[in-house]
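To start, the structure itself, in structure tokens.
When the chains are written out, they are named A, B, C and D in that same order, and each has its own residue count from 1.
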């Protein structure tokens, strides 16, 4: 296959950060130069692929920019390194590029720049993230995820906050359990398909003609559901997430909550749901109830938080519930809304973690009761904060709106989901309450005494230009999708329709 | 008929010796009972026409191994009687295990054949490794078919010798270097 | 020859002796006695092997016995050497006193 | 006497050049030691040269002269041994283990003023007999070489004869070993006796030979005596593997033995046991598959649970390695069960490859970990609390990195070799439809993450500053030594291989 420029850029988005990470460890090259390379190339690639996507012909099975290396050393097991993007992975790939750039920028302007090892691990994580969403091969999809996951543990353990040792170990155990369960599920899929291949495209092609027996599907799907579910903090297995994010350094929290966590949902949409329809139908009730647990119960817990970073963690867990609901409904709209919401949530939660860091730098604490009055002192920061809270609540104009709205509509269209719809709408109420409360406590009111004292020593200043750049980038992306959702959703719809052809085609509201 | 008498007499003696080893409190007595059991076993070998093994049994076990035991007992020269009673749990466990083993074996008894083929004194060309009484047969077998194992066994004995010398040397470590070679 | 004495008798005696040895290994606390009981077990197997060999007219079992005797002698030699060395340091050969590990 | 002439002519000593050279090398070492002048140190140079040279010879033989051996196997020495490509791979493996053991043990021996020549001679002899053990095709050969290995290890375990720990470990190992060999011999006797007096068909002319027993066992698979004999044989082998019911010695002996010997015991001796078990269950005992699968499954479950649960509470890292070694034996047993389950349908080589790769990754990681432990060991090396490793990363980053990679590979974290090992085992277990065992395995792996990670955490992550500064514990002035250059190179090589094998291993597997 002749390598075109598109394919070259796609591969570069993965391998440049990987090589840069190696250079960091080996002590070659300057820190800044390497960091710009490691985070800039994926950033560029994400725009390039977004704009070129329509124009490129489809190579196979909805994938474009396909590039493959057969000789990986694992071809005996039917594993080949195949890269490519389809409508579902495109927005997530772009998300990884954008959030990665913001996180990398933040890391370069924080204390993490001191350590080459840290930057190297971060670059490795970036490579893993780009690789996860660009893999057509199920094995490398998993492998790249792990490549991104390991730096997470290490960085939390090395550079985390107060609770880092405990948080790192809890996170490791949960996430390894999830990863192993999903790996067993994937291996089961691989073995039982009888195809001796991990290639997703040929797997789905094969299983379309020869579906697995129902008994097998009801076994494999729950394995994948709970495996992936643990990775996305599905309801009873979510406790690692707020704790881990609280301990994590900001770039890690942004990358993990924003991008890496979407791996599980992505796996469910891309692999589990289309390949195992009968298994999914069987697990429908469980999935809906657990997702509602995410929305309602975790929403309650989120309202009780007094610390901003924990609050963000819980709210991120809560919003994952909507994505699960969209997947559970399984209609075209539900699925594409879930993908859209994943993208939107990734941007908004990354932005929120970023702003939390800015606030913490100024207030010296993440405790909301010990802040206050920021609106007057730092108007620009306050504007960003209000905007991100509005996005999280799901107000129109922001990307999250289309995602949540689509999920609700798909729930309403489903015949017996009215209870779920009501409970899910309750979630909006919760997020409004904790969002507005955070605004009230942090931005308005009189500053706490500690804060006033601190202000006297070092006057609190508004955002520096270098701090504004990543925030503007993330907010811009949120607004862009919020105002012109079709730029993303058309591709998603197309791919979802291709993957789930027997679904009832409902009129797509985003296109109105 | 003689064989039967020999068998019953010496198997009784052997089992008696074995039980006495397990039950006796004094290691010296135990070692002596052990010699009784081993010699009785040699007689049982005789009733099975394994003359060479019977000789070996007396020479190696009764003559060398047990002397080694007695030697060690004398060398340690302390009160070696057991002070503590055996643990009840362990005893119960042991009884259950052994009971199970005996039960399995007794169920099986009866499957085997009881016809004893006659024996020759030297191997025959047609059946080179048939059971024969002479020690010559051992020589043939060990130096032809079992050449490799016998070499390995030689090295096994070498290892045992080296190990015993190494571990048994009475040298102060750390303070001074080992003086004697192996 | 006369056929009255069957292989069963030998096997029963052998298995009883094996079990006696096993009981001794489990019950006794004196390492010297444990080593002796292990020898008893090996001897019981030897008896069974020779009986099997004799009754099936096959020489291999007897040769295996020959090797078993060799191995047993080597094991005893090493065991006693370790025991003596240990006794020099711990002044005891009872299992309940040999408990440094795992504390 | 023609038959005897034939027998004698069948002894082709040329096939055993490596074993014979090892044995004569050992003799040479011992002779030189006996004739040595007073006061002159005898190093291990000769031993390294011999073992390393043989290893190179072996590998070169396959790479350059005889790259595609027929793995059908040829019988030699009147059926005593059978040579095949897998057996040759294991021979190389044992040579490598012996080389590493000699190398790792040498500094400790010199420091404690223990005789070196005898140690290296014993290691070489143990390697030679393990090489014969994996080739043996006859119960007599198996028994004799197994016992030679055992006797070598009795001496090696108690080699630190100044230390009561080492002697106590040696005694425990000896008592358990002698008990298991009596049971093994009893099992062999039962199989021999029933086969020799088989009245249903033609009794095999050599009832101890694997090849001849195969047919007999297949025809008498429901005979109680055959089953009892098999169970006894397996129980005897379980001692070598460190599997239930003979696993109790493992933690004690691993703790008390000199560290290099522990590594040898953990890797080489266990691997030998597994290869023998594999040969037995796919060869002579295959007829009993209905009996073997449940029996071994039970053993595997108990072994995995015992190892992992036992390791959870350990703070002494040598004991921890002991318990985790038991757990690894359990995982490997799952591979063995898969081999029985699939034997006639799937070419056994693919399952054997999974087992060998697991052994390989386990040995690389174990030698890395034990190598670091050996460098850091205090004078009494049975006494190694985990706290000894705290902040190793700050003091000796190289050692900490080696340790972390080794432990990560043992825990099965991608992208290290241990992960691929577990993946291969998962795949074969799925193919053999051992779902229950897989569940236990996944559970075990997750538990294992906890204790391995706790150790990595102790090593890598800086300890928390203690909250109240009043109890400033006097910091132990412990500055770990950097290992000698050769040792450091070898450790680095092990680490590198562990990482590389995670990415590339196919050309190795294709030879099988």
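The rule we apply is simple: contacts are C-beta pairs under 8 Å (C-beta built on N, C-alpha and C of every residue); 3 or more make two chains touch, one makes a residue touch a chain.
This one's a predicted model, so the numbers in the text were calculated from it and none came from an experiment.
Participant: What chain sits nearest the middle when you go by CA atom centres?
Facilitator: Measuring from the global C-alpha mean, the nearest chain centre belongs to D.
Participant: Based on the averaged CA atom positions, which chain is farthest from subunit B?
Facilitator: A
Participant: From the C-alpha centre of subunit C to that of subunit D, how far is it in Å?
Facilitator: 26
Participant: In angstrom, rounded to a whole number, how far apart do the mean CA points of subunit A and subunit B lie?
Facilitator: Computed value for the inter-centroid distance: 70 Å.
Participant: Could you give the separation in Å between the centres of subunit B and subunit C, each centre being the mean of its C-alpha atoms?
Facilitator: Here the centre of subunit C sits 6 Å away from the centre of subunit B.
Participant: Could you pull out the residues of subunit D that touch at least 2 other chains?
Facilitator: Residue numbers touching two or more other chains: 140, 144, 147, 151, 154-155, 158, 161, 167, 193, 197, 206.
Participant: Among the residues of subunit A, pick out those that touch two or more other chains and give their numbers.
Facilitator: Not one residue of subunit A touches more than one other chain, so the list is empty.
Participant: What are the residues of subunit B that contact at least two other chains?
Facilitator: Only 105, 112-113, 129, 146, 149, 153, 156, 159-160, 163, 166-167 qualify.
Participant: Between the chains shown, work out who touches whom and classify the graph as line, ring, star, complete or other.
Facilitator: It is other, because the touches fit no line, ring, star or complete pattern.
Participant: With touch defined as at the start, can you tell me which subunit B residues reach subunit C in the complex?
Facilitator: Within the complex, subunit B contacts subunit C at residues 1, 3-4, 7, 11, 14-15, 18-19, 21-22, 27, 30-31, 34, 37-38, 41, 44-45, 47-50, 53, 56-57, 60-61, 64-65, 68-69, 72-73, 75-76, 78, 80, 82-84, 86, 90-91, 93-95, 97-98, 101-102, 105-106, 109-110, 112-119, 129-132, 137-138, 141-142, 146, 149, 153, 156-157, 159-161, 163-164, 166-168, 170.
Participant: Please name which positions on subunit A make contact with subunit D in the complex.
Facilitator: That would be residues 72-77, 142-143, 146-147, 150, 153-154, 157-158, 164-165, 168-169, 172-173, 176-177, 180-181, 183-184, 187-188, 190-192, 219 of subunit A.
Participant: Can you tell me which positions in subunit B touch subunit D when the two form their complex?
Facilitator: 104-105, 107-108, 111-113, 123, 125, 128-129, 140, 143-149, 152-153, 155-156, 158-160, 162-163, 166-167, 173-174, 177-179, 181-182
Participant: In their shared complex, at which residues does subunit D touch subunit B?
Facilitator: Where subunit D meets subunit B, its residues are 1-4, 7-8, 11, 16, 23, 30, 33-36, 38-39, 77-78, 80-81, 112-115, 118, 121-122, 125, 128-129, 132, 140-141, 144-145, 147-148, 151-152, 154-155, 158-159, 161-162, 167, 193-194, 197, 199, 205-206, 223-225, 228.
Participant: Give the list of subunit C residues in touch with subunit B in this complex.
Facilitator: 1-13, 15-24, 26-30, 32-33, 35-37, 39-40, 43, 46-47, 50-51, 53-60, 62-63, 65-67, 69-78, 80-85, 87-88, 91, 93-94, 96
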